[in-house]
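Chain IDs A, B, C and D follow the sequence of writing; residue 1 opens each chain.
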Amino acid sequence: MRWGLLAAALVASPVAAGVVYSAAAATGLAGFDPRGFSTDRLSRVLGEPAVWESLAWTVRTASLATLLASALAVLVAMTFRRGRGVDRLARTLAVLPLPVPHLVAATTAVLLLAQSGLLSRLGFAAGWLAGPADMPPLVYDRGGLGLVLTLTWKELPFLALVATTLLATRGAALEETARGLGAGPWDTFRLVTWPLLWRGLLPSIVAVFAFAAGSYEAAAMLAPSDPLALPLLTLERYTDPDLARRGDAFVLVLVGLMLTGAAVGLHEWVRYRTTELPG
Amino acid sequence: MSLAKASCGRSSTPQPRDLARAPWDSLASGARGTTVTWRMWRGDPSINAYVDRWVSPRVLQRYGINLNAVEGQGPEIVNQLQVEKEAGAGGTADLVWINGETFHQLRQADLLYGPWSGRLPHAAWVDSASPIISRDFEQDPAGYESPWGTVQFALIYDSARTPAPPRSYAELREWILAHPGRFTHDQAFAGITFLKQLMYALGGGVERFQGGFHEELYRTSSNRVWRWLEEVRPSLWRRGGSYPPGVAELHRLFANGEVDFTMSNNQNEVVTKVAQGIFPATARALLLGDGTIANAHFLGIPANAPNPAGAMVVADFLLSPEAQLEKARSTVWGDGTVLAVDRLPGPWARRFAELARDPRALSRDSLARYARPEVAPEYHERLARDWRSRIRRGGS
Amino acid sequence: MSSVLRAGRTAGLLCLGLSALLPMLLLAIWSVGDSWFYPALWPSRLTAESWRALLSGEGRLWAAAVTSMLLAAGTGAMACIVALPVGRALARLDGWRRHLGAALTFLPVAAPPVALATGLQFSFLSLGLGGRPIGVLLAHAVPAVAYVSLYFTGVFAGFDARVEEEARSLGASAGQTFWFITLPLLRRPLAEGFALGFLISWSQMPLTLLIGGGAVRTLPIEVFAFVEAGQDRIAATGALVLLVPALVALAAARLAASRTEVAAV
Amino acid sequence: MSTAALRIERLSAPFGSAPGLEDLSFEVQSGERFVLLGASGAGKTTLLRAIAGLAPAAARRMEVAGYDVAALPPERRDVVYLHQTPLLFPHLTVGRNVGFPLRVRKVPAAQAAKRVEEALSAVHLESFADRMPHTLSGGQRHRVALARAIIARPAVLLLDEPFASLDPSLRQEVREAVLTIQREYGPALVLVTHDLDEAGLLGDQVGVLLRRRLAQVDRPAQLFARPTSLEVARFLGMPNEVVGRIAEQGCFESVLGVLRVSRTIAPGPSVALFRPEAVRICERGFMAAPVVALRHRVHQTTAIVEVGGTRLEVALGGARPPAAHSLVQLSIDPDQLMIFPAP
């Protein structure tokens, strides 16, 4: 029993070390330019509207992608749930991008979604678009749609895998029971399938949100210059030519880790509520 | 800390203090059998090919040095050395490719070894009379870096799409206003250099900016830059609400006709990019009449370099007429030499003069006519930071 | 109604097929495309230059792929070795302790790589691990060990430890039990754990960048450098190489899964 | 002095964090079958696991074949513990499963093969050596597990409810296998069950584990006839319980009247427990009672009668089943009453 928590603490210790060092560096106790404890840097960086805009933009983009991917995952799982044949093929195709690195996804997204990318070229060839400017801006755009789509594409396989597994392992039996108890198809979906899916998916959804919010490569290649995605802002400050400003990055590291901590806490809390408690 | 030193240290390497006194020959023979790790920008296949397939085998054959070129540029180098110093860790690079503000920051933080560049045998042929080569962003290298090559900033346009390109910043402004959405600059080094030239043009010429950083001059002239940018902003690409992260992304926009201009710190880049099929064959370089910044790039040795002796030997080879000539070929790299060509012995002067010129490249005369020196690095740093907070943020 | 449904299913299948295969197709064309400008749908010339460079081992992609492969294999192995006891210990927790343990273990997985790398760079460099493959390996192991530990927690939750007791009771020592019983029974989870760790290292970028300091050149680092330099053809080639082990791992997992399905029937 | 195969003296073992077994002592001779009888949750499994070294325990003595094993790891105790359901190693063939104990003892391959063959034939599974466990039936799995347990010739074999999960016909098959194999290899056998019949059938000795203590250890006949405490008697499932008191003269006074008991029991409030056979319906008994219902059991039919407000289950004693609500005459054999001081 005790060993379990100790082992977990050991695994988490690098993050703890990162938090401790970042906190020290953000308060002038360590880092490039330690000058003794002071909260000046903390309050200055956290007082910048740009930082909050970055955070908000990152959260918004990651949330959108996560929601979109969740909806699609449920759709895929519901539409293609039979054992073999076309359904199996569809499920395999949905899971195929699972191990594709973010870097590859982002590289492809640029080639595909840019205003002069393949989609735009197809539109031009079809006569729908007169030039790159007619293509809606998806890449480097404040709306961040290109990044949202890329992250959605990256997250869908994992969520689809969880959703199809849920339906395959528990769905059929529960649905049959419900039908046997007199529920119609709609009631079965409303009262059995849907609650099963969303409750089962929720922890994965929170986890996927954390991945999306922290992704560096995709943001670096697809995000706009303003607001700057949080990981990009962090790295930009970390390599600022002004040595005195580099410590700012550690405040942002703390913000990023805090966001992660919140997501992870929520993730386990949801799992705890849905698996350990009755009802 | 001592553990880190022990694990990284190569005990056979002479310590820096001894190096300063050791005769060159014994220094070179001492470096035999060692490895030199060279941190540099690795993004261009032409430059990589020169380093990996031309320089490396020769360095190995002649000096018995194993050259290991690794990725890392400007801010990354500073950051890496800074953290290494803070952590008290042994160094991981022997030679770094730097200039301008990177050199400034490294010197400020005392992260460079030196002075050493005067000890290189080939240093005697360096064109020290040229202000572009003898100064680095108005800084005196003071022996802490050795010049390696020269480049000059140029705009790049497609002669098929834009037969009559603007020839000055004033004309460029008119052109941007007349062609909405067709111009932008990147957020990184080239883009900031573009803004710096704009600052010279609006601030009364580069001469006023020489002689160190002046806050007042910077404020008034940079304000003109922001006004200029705000004025053209609605006509910039994406209405000035977003900017490509780096020059590569700008190149991609240019090549596919999303914008009509791109830019480069290296006037010869258009030649290699056309050869690589990245630019259309009709792409050309363009110098604005207000003058474009020419600068030299250098090689430094980190203060914590495990193998400074080897690094010096490599830097010396890179300075040799042979290596400089190969690098200057436009089919190889097209990087300008830092040697005083007319002072070179024997056939070398002739060989440099005979370098085949690519028709797309700019003539040496016009390059020289429009070349402007770099000024104090603070200008670059301030422009970059203020552009981010004033223009990049709060667009659209 | 059913014809509408069928049309919807067909459209869905088509979309999934396109979304899975189009990116790979696009990368494949880009890796051989020369002078491919808007609005051309097809490159004006084809060249196998980047592939030739890759396969001849001359270019940097090959060396980077080898480095990546070794690092990823090392990370996968290390993740398995560490995660095995950790996952086992975690699986024995119950109630809120189990969830606290899982949350702690999940942190390194979910932490933004940039934040993790930035926070860890100082410690790694102080330990003399900066810029060295061993340092990068350890850095990759941080999220990999955590991820594989979570995976093994699930495995051990379903693992019948009484089999081990039976073996001990039949005269096997702890070592023999592990070697003859536990290990063979966990062969598939171990292979999958290795693949997980492998893939985490294989696609890792920010940690490699900051801890490796540019000196450890993995495939993602090179691909990113080529993307940043606008060398799309080489980048696309590297991206395809990055895909290979990922797809092989997925295919192997699927194959194994379908084989156990058959065996279970 | 003969050495017991297993000697346990004053063993205590915790149940997780709750208080556990306390102060247990017993001894099993080689070739002897010791049955541990107890309700579920009494700690039977914990005791077996403690003996096998799989659960923590403290004991003044824990000897196997004369050697103290308390400090030894499970594999060096010369004791084999078999889980309730047969746990065959799923990745090994039947032959390799059975050969496992020899493999870990580094017995030469040729010799091991011969012994595996013997062990398999002892459980009538000669041709199954190359099968995988998941292709076997439930009974076959049990027999493989037995063969595997016995092949190392342990001094003590611990069986945890080996027949509980089996249906009656299979139970017979496996029980036979256990008896055969024990006769052939002769280890001491400790078997846990909650089935009284099974205990009587298999045990040379039966230990009753009640409330974390060994309440009684005896030969089965003795145990069933003379439980030494009310607790044990109740556990043995006496259907009838009558409250009364022992008067000075050794008489038990209750609704059954005044009965003379031969054993000496301290005077005071007492409880009498007895089986249906102790009270019989007969032609001329000493009291009459109305029949409330009939109860049909596997081996006999009994009648429920009401005596002084208490319902008793009584044997028919060869008589024809009486009609409901009829009055019957009852006779009592006082020697079959088990009388204990009231708690």
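Annotations for the structure displayed:
Definition applied: a residue touches a chain if its C-beta (ideal position, glycine included) is under 8 Å from a C-beta of that chain, and two chains touch if they have at least 3 such contacts.
Note that this is a predicted model, so its numbers are computed, not measured.
By number of C-beta pairs in contact, B-C leads when B-C and C-D are compared.
When every chain is represented by the mean of its C-alpha atoms, the one lying closest to the mean of all protein C-alpha atoms is C. Chain A and chain D, compared by their mean Cα positions, are separated by 60 Å. Separating the CA-averaged centres of chain A and chain B is a span of 37 Å. A straight line joining the Cα centres of chain C and chain D is 55 Å long.
Multi-chain contact residues of chain C (touching two or more other chains) are listed as 38, 122-123, 227, 232.
Shown for chain A are the residues that touch two or more other chains, namely 110, 116, 131-132, 220-221, 238. Residue positions of chain D in touch with at least two other chains are not found. Applying the touch definition to every pair of chains gives A-B, A-C, B-C, C-D.
Contact residues of chain C toward chain A in the complex are 8-9, 12-13, 16-17, 19-23, 26-27, 30, 38-41, 85-86, 89-93, 95-108, 110-116, 118-120, 122-123, 142, 145-146, 149, 199, 202-203, 205-206, 220, 223-224, 227, 232, 235-236, 239, 242-243, 246-247, 249-250, 254.
Against chain A, in their complex, chain B makes its touches with residues 75-76, 78-79, 82, 86, 101, 105, 108-109, 181, 187, 238, 241-245, 249, 252-253, 256-258, 381, 384-385, 389, 392-396.
Taken together, the chain C residues at the contact with chain B in this complex read 34-38, 45, 47, 58, 60, 121-123, 125-128, 130-132, 209, 213-215, 217, 221-222, 225-234.
Within the complex formed with chain C, the residues of chain A that make contact are 1, 3-12, 14-15, 17-19, 21-22, 25, 30, 75-76, 79-80, 86, 89-90, 92-105, 107-108, 110-112, 116, 118, 120-122, 124-125, 131-132, 153, 207, 210-211, 213-217, 220-221, 230-231, 234-235, 238, 249-250, 252-253, 256-257, 259-261, 263-265, 267-269, 271-272, 276.
On chain A, the positions that touch chain B within their shared complex are 31-32, 50, 110, 114-116, 131-133, 137, 140-142, 220-221, 224-227, 238-243, 246.
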